[in-house]
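Dropping the structures in below, format is structure tokens.
In what comes next, chain A is part of two complexes: it sits with chain B in the first one and with chain C in the second one.
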Partner chain A sequence: MTTEHLHIDPAEKRWIQVSILVLVIFAVAVGLTGFVMGFQVPLPEQRVDPALITQEGPFAEPGLRELAPGKYEAYILSQIWSFVPNEIRVPQGATVTFYVTSKDVQHGFHIQGTNVNVQVLPGYVGKMTYRFDKPGTYYFFCTEYCGLGHQAMYGRVIVEP
Partner chain B sequence: MTGEGFAHERKLAAWNIGIAIVALIIGSWFGPLQLFEHAGLDLYKYLAPGIASYYQGLTLHAVLNALIWTTFFIVGFTTLAVTYTLKRPLRYPWVNTLALILMVVGLLLAAVPLLLNMATVLYTFYPPMKADPLFYIGLTLVVVGSWVAGYGFYFTLHAWRKENPGVRTPFLAFATILNMVMWQIATLGVAAEILGLLLPWSFGLLKGVDTELARTLFWWTGHPLVYFWLLPAYASWYGMLPKQAGGKLFSDTLARLAFWLFLLFSLPVGLHHQYVDPGVPPGWKYLHAVLTLTVALPSLMTAFTVVASLEMGARARGGKGLFGWILKLPWKDPSYAAQNLAMILFAFGGIGGITNASYNVNLVIHNTIWVPGHLHLTVASGVTLTFIGILWWLLPHLTGKKLFSPKLALAQAWTWFFGMILMSNSLHLLGLHFGVPRRTALGAAPYNMPEWRPFQIEAAIGGAILFVSLILFIIVVVGTVFASKPVEKPVEMPVAEALEDPQLTPAWLDRWRPWLAFVAILMIIAYGPLLYQLISAGQFVSPGFKVW
Partner chain C sequence: MTLKTNHINIHSTPTVKPVHDWKDRVLGRPSWQLIGGVLLLIITIGILAFAIFKPIRVLPRIRPAPGYSLIDQNGNVVTSEYLRGTLTLYTFTYTRCTSSQCQRTWKTLREVERRLPETNIGDIPFRFVIISIDPEHDTPERLQAFARRLGVDEERWLFLTADDPRLLRYVVGGGFEVYYKQQEDGTFKFDTAYILVDGWGIIRGEYRYQTLVPDTDRIVRHIGVLVEEIEKAKGAAKLAYEAAHLFLCYAQ
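After this line comes the complex of A and B, so read on.
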């Protein structure tokens, strides 16, 4: 051939077709598990003023609240360099909805061994729900650099049998 | 490509690459120190008060290695790749000189607060942590300088196209200029963040920042940034390495198509760094997840074309068998070996990258030490080890001196390879199994657990091997520049021929306007409504904090 043309080697063509197929399967799989089966990333909750959260609203008295038997909500306030509260206790099988925000810089809230993983931003409330089916101690660490004491910032969820 | 008649270009390249090497050498010392700290050996106390904390060291490590080494190297490398393959000097040499001056002034300005512990904000500088204004000004000038360098290349390409109507742009010039164009669009985000939010805020003109808006603008730049590092390495794998292996570029057409796809899809993907952010609706996150998976396609195409090109070289050198040809690759050539080892590590980095991109799967490893494990396979191996391999022909080319001890250069590549394997393997596992946080002085953390220790020791051994590799790197660079004999004949830039005449590549793969229009449309779809939402609902309420 001496004129210009889009030449693709047959083996490379097959490679590209298989690549596209695999990537489409991945995209569909994460879409289905996320939007249909409910394995969701944090969703936008409400906005707050970081200067006022310790005076008004649920973060004025952060902590665990029982909504119904086995159903809880936990308001966790992040600040340099601690979580308030840094320990909560729930019974096995409890479903806990976590609300987290920061009163100063950015922090991170990730409960070890779970999907609960939130970037904690001042001005925004992050929300995630998890059911604790296994008893034990679940640590949560601050996962975003927040200054000199960052490595000291952690807490735990104790799930009692 | 001997570089004869390109005195100014060579000088510019030498300055850029010299500064890049110094940044890499200074910045890399902190890497092993961090791994030792995690494993219980805190060497930072010996660095005080020069280096005040783990986090000041970490900031220097990331800024010098990820931003300065890469940007200066890329601008220097692009200067030569563009002018040599277009066979014409820079259209306006002063533009590129100005670019270098801006970048150097920016680097010096940013260095002051960085070294004085007034900008220990890591390379992401997330507000409301507030650095000294000089830090933001310095970074801005480095970026603006790199834009101006890009303009110098665009003028040069424009002049060449007028002089050579109908001729396909040589692949290396096309690929490296495309990278500068992508960078220009990518850095609009961080430019808006710094000029619109952080700088006025650090001067006290703006009372507070909106943290989610700032993050979204930052990651507009933050992910394409890794493609800005990667594409010059890909340019070398496609356009130079086949020549070094005795082969040809397997498909000029698909190489160009892959680069166009990178221009399109490496840009609208920033939200995959924000999957766990509380202020971005899930639909936008999922759209970016799909686009991020799309950008894996040109990388998979690259894997095929590059391996096929190298296989052709190995078979021409007498290689046989389904896999036996691999042994016939020029493994004794340090420039080749470093780049091939870089490719192997990068392949694993790419696979991990698909995990990171996968929306809800990402929840398991987001903000864990898996992430630095990943980026040390990509930027610190795939990119940096490739750039080091490039240096092993580039330094002799620029200095006219022989490579000082090819054996030590080979040892440098292999120690880097094995050091990175140990380190990134353990970091991946720590993040995956235990959710260990990244960017944390874990040695001082009260929650550092006994079951983490074996992995942290594995990482520290990797760090020690990398430390040796860094020393070998310094010996070879300093030896080549200051203590080596002159080369007998000039060392040339390797330029691979394509298997098929590039004139047969379709013309639509050498036209800029339609592709750029497509980029604009994609960026408007991927970011337009979201940014409108974030800005119109913006609450500029977070005052600054100095917390280090």
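After this line comes the complex of A and C, so read on.
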């Protein structure tokens, strides 16, 4: 009895097996992070009205606010071509939740040296939390080209020791 | 040279008919590779379809609600454990508030209560919990008088205050992440926020700023989604609901 097989080069066959194995590893990893480690991605937020959001509620007076000792929230409004506020000061070890939205066009919000990186779309509010353990100045800037003054659109978080 | 040898090998036994017919391969000798491949394909298509069409929608498990021990309008101690198994909508305000911000809060809560039957909630316990951010003024007696004035069902509406304003700061500011601060004139500057907590003590909805959909509509709809999950996520369906959580099939 001979079994006739489609001829596959052994090396090619091994790579096919490796690529299937990689897919299986990815699927298992997704399951593990989701079910075991409780991984969370940024939550879908409800649509807001970019024209009305600055009239009432927390975005009417954007800025940093202390919720409890060591815990802060910062409402940051992006507009062409600045962030309001463009400087916030927190003590070392502070946990800050950033709520960011745009009044006009698409912007980005990235704090250098951290994993805070939000796509700021008009009509949506982005939310990210970060704990500032090291003192120093952290610059944040717009990561989406938003017009002529784009390069001037930045600010800083000053973490005081 | 090698290539040539290969070529000769394949065709050197002309007596055995090579199996080239696909039907023969599929129906005649199913191999484990084929079965595995088809299974993998079905699973992949199934997962993709689930993630794209989102047949089941759930509310996200945002984070655990804070634990606390506070005092209600009857002077009884109420802890977060006491509300286990109860769907709870938390709000934060104070009784001396006369601004339009507070009027809107009461209007929203009453509207939610009126529309609660829309959610098919049945006999699932549901409570409104109002935590006073002005514990120095809002004693249990004052809270009770206030509840009477509002004319609400005190079985369903709990008004809570704290012994210690510092503790309250950790519960409301630290735990629920709701901002409040007393002004020089004694009034409070605070955010209107509604926090929906399920029976396991997990925050499932946060309503912090005005969206295109009015707060009442969103809250009522979200309670409905939560009720549906509680009613249906049993047995094998529980796995489907867990998959909905895994694939972020969140209700809008």
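The rule we apply is simple: the second predicted complex is superposed on the first by the 132 of 161 C-alpha atoms of A that agree within 3 Å, B and C clash if a C-alpha of one lies under 4 Å from a C-alpha of the other, contacts with A are read in each partner's own complex, and residues count from 1 in each chain.
The definition used in the following text is that contacts are C-beta pairs under 8 Å (C-beta built on N, C-alpha and C of every residue); 3 or more make two chains touch, one makes a residue touch a chain.
Note that the structure is predicted; figures quoted are calculated from it, not measured.
Participant: Is A:Gly31 touching the first partner chain B, the second partner chain C, both, or neither of them?
Facilitator: A:Gly31 contacts both chain B and chain C.
Participant: Counting touched residues of chain A, say whether chain B or chain C comes out ahead.
Facilitator: B
Participant: Could you tell me if A:Ile53 is touching chain B, chain C, both of them or neither one (first, second, both, neither)?
Facilitator: The answer is second: A:Ile53 touches chain C but not chain B.
Participant: Looking at A:Thr97, would you say it contacts chain B, chain C, both, or neither? Reply first, second, both or neither.
Facilitator: A:Thr97 sits against chain C, while chain B stays out of touch.
Participant: Regarding the shared-chain residue A:Gln119, is it in contact with chain B (first), chain C (second), both, or neither?
Facilitator: Only chain B; A:Gln119 stays clear of chain C.
Participant: With the two structures laid over each other on chain A, which partner does A:Lys71 touch: chain B (first), chain C (second), both, or neither?
Facilitator: second
Participant: Across the two complexes, what residues of chain A are contacted by chain B and by chain C?
Facilitator: Overlap of chain B and chain C footprints on chain A: residues 2, 4, 7, 20, 30-31, 34-35, 40-41, 43-44, 47, 49, 125.
Participant: Using the touch definition from the top, list the residues of chain C that touch chain A in their complex.
Facilitator: 6, 10, 13, 16, 18-20, 40, 60, 62, 169-170, 173-174, 177-179, 181, 191-192, 208-213, 218, 242, 245-246, 248, 250, 252
Participant: What part of chain A is in contact with chain C in the complex they form?
Facilitator: Of all residues in chain A, those touching chain C are 2, 4, 7, 20, 30-31, 34-35, 40-41, 43-44, 46-49, 52-53, 56-59, 65-69, 71, 73, 97, 125.
Participant: Which part of chain B faces chain A closely enough to touch in the complex?
Facilitator: The contact residues of chain B facing chain A are 53, 55, 122, 126, 128-129, 210-212, 215, 250-251, 253-254, 274-282, 285-286, 289-290, 293-294, 296-297, 300-301, 304-305, 308, 354, 358-364, 366-368, 434-442, 444-447, 500, 503-507, 537, 539, 541-543, 545, 547-548.
Participant: State the interface residues of chain A toward chain B in the complex, per the touch definition above.
Facilitator: Touch residues, chain A against chain B: 1-9, 11-12, 15-16, 19-20, 23, 26-27, 30-31, 33-35, 39-45, 47, 49-51, 80, 104-106, 108, 110-113, 115, 117-127, 139, 141-148, 150-152, 154.
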